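Here it is: the structure, laid out below.
For reference, chains read A, B, C and D in written order, and residue numbers begin at 1 within each chain.
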Amino acid sequence: MTEAIRVGVLGAAGKVGQAVCEAVEAAADTELVARVDKDDRLETFAENGAQVVVDFTHPSVVMDNLQYLIGAGIHAVVGTTGFDDERLDQVRSWLADSPATGVLIAPNFAIGAVLSMAFAQQAARFFDSVEVIELHHPNKADAPSGTAYRTAALIADARRAAGVGPSPDATTTELDGARGADVDGVRVHSVRLAGLVAHQEVLLGTQGETLTIRHDSIDRTSFTPGVLLGVRSIAARPGLTLGIEPLMDL
Amino acid sequence: MTEAIRVGVLGAAGKVGQAVCEAVEAAADTELVARVDKDDRLETFAENGAQVVVDFTHPSVVMDNLQYLIGAGIHAVVGTTGFDDERLDQVRSWLADSPATGVLIAPNFAIGAVLSMAFAQQAARFFDSVEVIELHHPNKADAPSGTAYRTAALIADARRAAGVGPSPDATTTELDGARGADVDGVRVHSVRLAGLVAHQEVLLGTQGETLTIRHDSIDRTSFTPGVLLGVRSIAARPGLTLGIEPLMDL
Amino acid sequence: MTEAIRVGVLGAAGKVGQAVCEAVEAAADTELVARVDKDDRLETFAENGAQVVVDFTHPSVVMDNLQYLIGAGIHAVVGTTGFDDERLDQVRSWLADSPATGVLIAPNFAIGAVLSMAFAQQAARFFDSVEVIELHHPNKADAPSGTAYRTAALIADARRAAGVGPSPDATTTELDGARGADVDGVRVHSVRLAGLVAHQEVLLGTQGETLTIRHDSIDRTSFTPGVLLGVRSIAARPGLTLGIEPLMDL
Amino acid sequence: MTEAIRVGVLGAAGKVGQAVCEAVEAAADTELVARVDKDDRLETFAENGAQVVVDFTHPSVVMDNLQYLIGAGIHAVVGTTGFDDERLDQVRSWLADSPATGVLIAPNFAIGAVLSMAFAQQAARFFDSVEVIELHHPNKADAPSGTAYRTAALIADARRAAGVGPSPDATTTELDGARGADVDGVRVHSVRLAGLVAHQEVLLGTQGETLTIRHDSIDRTSFTPGVLLGVRSIAARPGLTLGIEPLMDL
């Protein structure tokens, strides 16, 4: 039997960090060897033989964390936000000096959301029409959601690249807003409803048939399978990987 | 065994009239006794002993048809449009002279659509949030659909009557149109997609649960079960009946 | 302004009791005046002027609770299970001596689930076909769910009463189980899937159209709006009320 | 501007052939140059300069058709059924003598159905649970549908290859059939409902999230976009191509 992967967790005392710790402990092929929070020393990871460290902390500390981890030859799986080109270049430069180390930085670890976007992108050029409906709890401040924006942009790119024209639409009389928002030529509708969490439907249609790709996320722990996928895959991917999709061999 | 109801059809040569004829012939408890079109005499109905006549013709001829039918004591099931208050009063006045005769005038014979509106209306006051999504083929000229307008208005009335406040919505940043159209305080989203026909979803949500009422109409013959319901019920309802809902004992 | 309803909670320290306490405190028109758990005296309720008490406790203690509450003229909203005919008769007999007191005993407080069943029952006789799909988390021991059984039975009753025959089905070659379970002539399909909580779809179909009634419950707190409905309504309904549906004026 | 592809149609007088003819005429980049039916000569195709011929005829004539077309260097897009290994080998042997000619033989031209299967296969290994629901009109004789069988088999293969265990299922009490049919370890549920045509849902679930891939086909013309895709692609693919998926570059 293969030995379990030795995993450390940064921000282990926070809500997200705790969920990561539980997932690492529950999986048969991973072992939790170090929990580090604000007041703890980063060296704890090396001292406990961590092979991969998961970082869902804060933009203000994540660069220090990564400098340490890459320097110590420890792979990193990072869900912290705020990576612009400058930061990514800095990470690449550290990795150049530690060529066996892998770092995964991903904006979204929900496997279903990532697959949903990938499938929408693959399917987009085969259908006359495509629209996106995203549905969230009523406390959300922005409409459309960031995921819906990205999904629409991927769809628009795929259709442009294939030379597909705009979705047909004979609307001549519209009550303001009925046909949704226009994101790069793709109509996006935002529903806000008590009792929902985070949901999205991509609807594609052509002569006599439709294809619907729906993702429902009803629990804040839905990112943990994606984190485990990262933990299991990153040792075999030296250098910088952006997003979990490259790990999925779609 | 009960005798079959003797049915006549007006506009029998048109597309809709033909579908009505087929449905009347296919049902075990109805018998098609007269087909009348533009150049035929209305007296054909009485001569063939029609008990009920179905009229899906044109606003320009429907009043003449009704005057004849009511005068002859023949019940009528009418799907023709264009009935304003003046026309309805005229029908009522004719019926006053023929008190045993029943006339049904309905804007929508699709049983599923009518139930869908009735259920939305019943449920509306029990949920914090309610929104409507209607989805149609891309050749439709108006957005939202007439049915979606009516559904939203019924929902708004029911909530007002029960003293329910507006659906919660924390949106502060919105791309124009994302949150749909505002119909009497109810958000309505219109999707236009190749491969669709006519579909509608009413989404209702409260703490931890949602209720969705969805109607799919994929065939222009979906009005015929409602017409048959009218044919079977109208003899027992002298006077004017508006809409098929009163026939359904909900 | 109306005064808030003074509410007590039994089993206040348990998970369900806590959720009830939070809901009562959060609502504008109810006030939490007494929390009682195992070791507390029932008299606390009267001493604090409780007008309605909510009981989600255990079959072994609920009868003692009700005897006290009815004797004290305090209305009761009861979600505890285990009421057979004998117990219900006992409750009725106590209520006979306290004619102004109301007791609500309900097996299901999820408003969406109750509406879903009511609508399925109303719609059942208008469609040629009806089937039920229930979808739950994979830890559920029984298939179909209790709610699906009840829904199918209500549908079957409604169709029998209206003289509607069985749903058409031309299946001649079936892989064992494909067509689901037969509950009183209604096909029921049970899906078990990680990532789900408790969901149910009633599908009704006739010529060219379908109506789908879907209920999604994704949180254990989804029963609290129904409890609040009971708390607000029970004072106006002396005697025994079974289920929340009679409170809903459908 | 590119010249239109010159297309011939076999079985042009039949229902399916007529739909193909209409689609070829409606598309901007294809031109219908020959309609051939039972009593017509195959040479009509060469005489009219057909570059691609579409064959939705009958197993009893399709081999003669292909022998002629391949011999004349005309590409073929074939939806006729009944191709076993022996027939496919025969086609390959004819193609060996006409190395620039392409033949596409596909069991299913509905793009949405093919994508739906491809996506199910790609996604299957990332989720703990997967089940299939197929929904058809009530005149269908077999349950599950052929597409559902194939989908389940593809899912089962993908999970086996990735070492994923069976979907979790704690059911201990089951009413016979409730949990559906077992196709290679994947549960498949077959719904039969008036008002439906041909629909399928693949449900995938893991911790806190689900992904649903739904295909709806509501019209017998839904195969024509796939036929046009074949017509446009086959000239660039000499030899035998099985199924339209290889043309889709997924």
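To be clear about the criterion, a contact is a pair of C-beta atoms (placed from the backbone, for glycine too) under 8 Å apart; a residue touches a chain by one contact, two chains touch by 3 or more.
Being a predicted model, the structure only gives us computed values, none of them experimental.
*Asks:* Once chain A is fitted to chain D on CA atoms, what angle does the rotation have, in steps of 5 degrees?
*Replies:* Value: 180 degrees, nearest 5.
*Asks:* By CA centroid distance, what chain is farthest from chain C?
*Replies:* In terms of C-alpha centroids, the chain at the greatest distance from chain C is D.
*Asks:* If you average the CA atoms of chain A and of chain D, how far apart do the two points sit, in angstrom?
*Replies:* Chain centroid spacing, chain A to chain D, equals 33 Å.
*Asks:* Using CA atom averages as chain centres, what separation in Å is found between chain A and chain C?
*Replies:* For chain A versus chain C, the centre distance works out to 39 Å.
*Asks:* If you average the Cα atoms of chain C and of chain D to get two centres, how far apart are those centres in Å?
*Replies:* About 46 Å separates the centre of chain C from that of chain D.
*Asks:* Give the residues of chain D touching no fewer than two other chains, as numbers and ranges.
*Replies:* Those would be 127, 195, 204, 206-210, 216, 218-219, 222.
*Asks:* Once you've mapped the touching chain pairs, tell me: line, ring, star, complete or other?
*Replies:* complete
*Asks:* Within the complex, which stretch of chain B touches chain D?
*Replies:* Touch list, chain B to chain D: 195, 197, 216, 218-219, 222.
*Asks:* Contact residues on chain B for chain C in the complex?
*Replies:* 23, 110-113, 115-116, 119, 122-123, 126-127, 204, 206-222, 224-225, 229, 248, 250
*Asks:* Chain B touches which residues of chain A in the complex?
*Replies:* Going through chain A, the ones touching chain B are 127-131, 133, 135, 138-144, 167-183, 187-196, 203-210.
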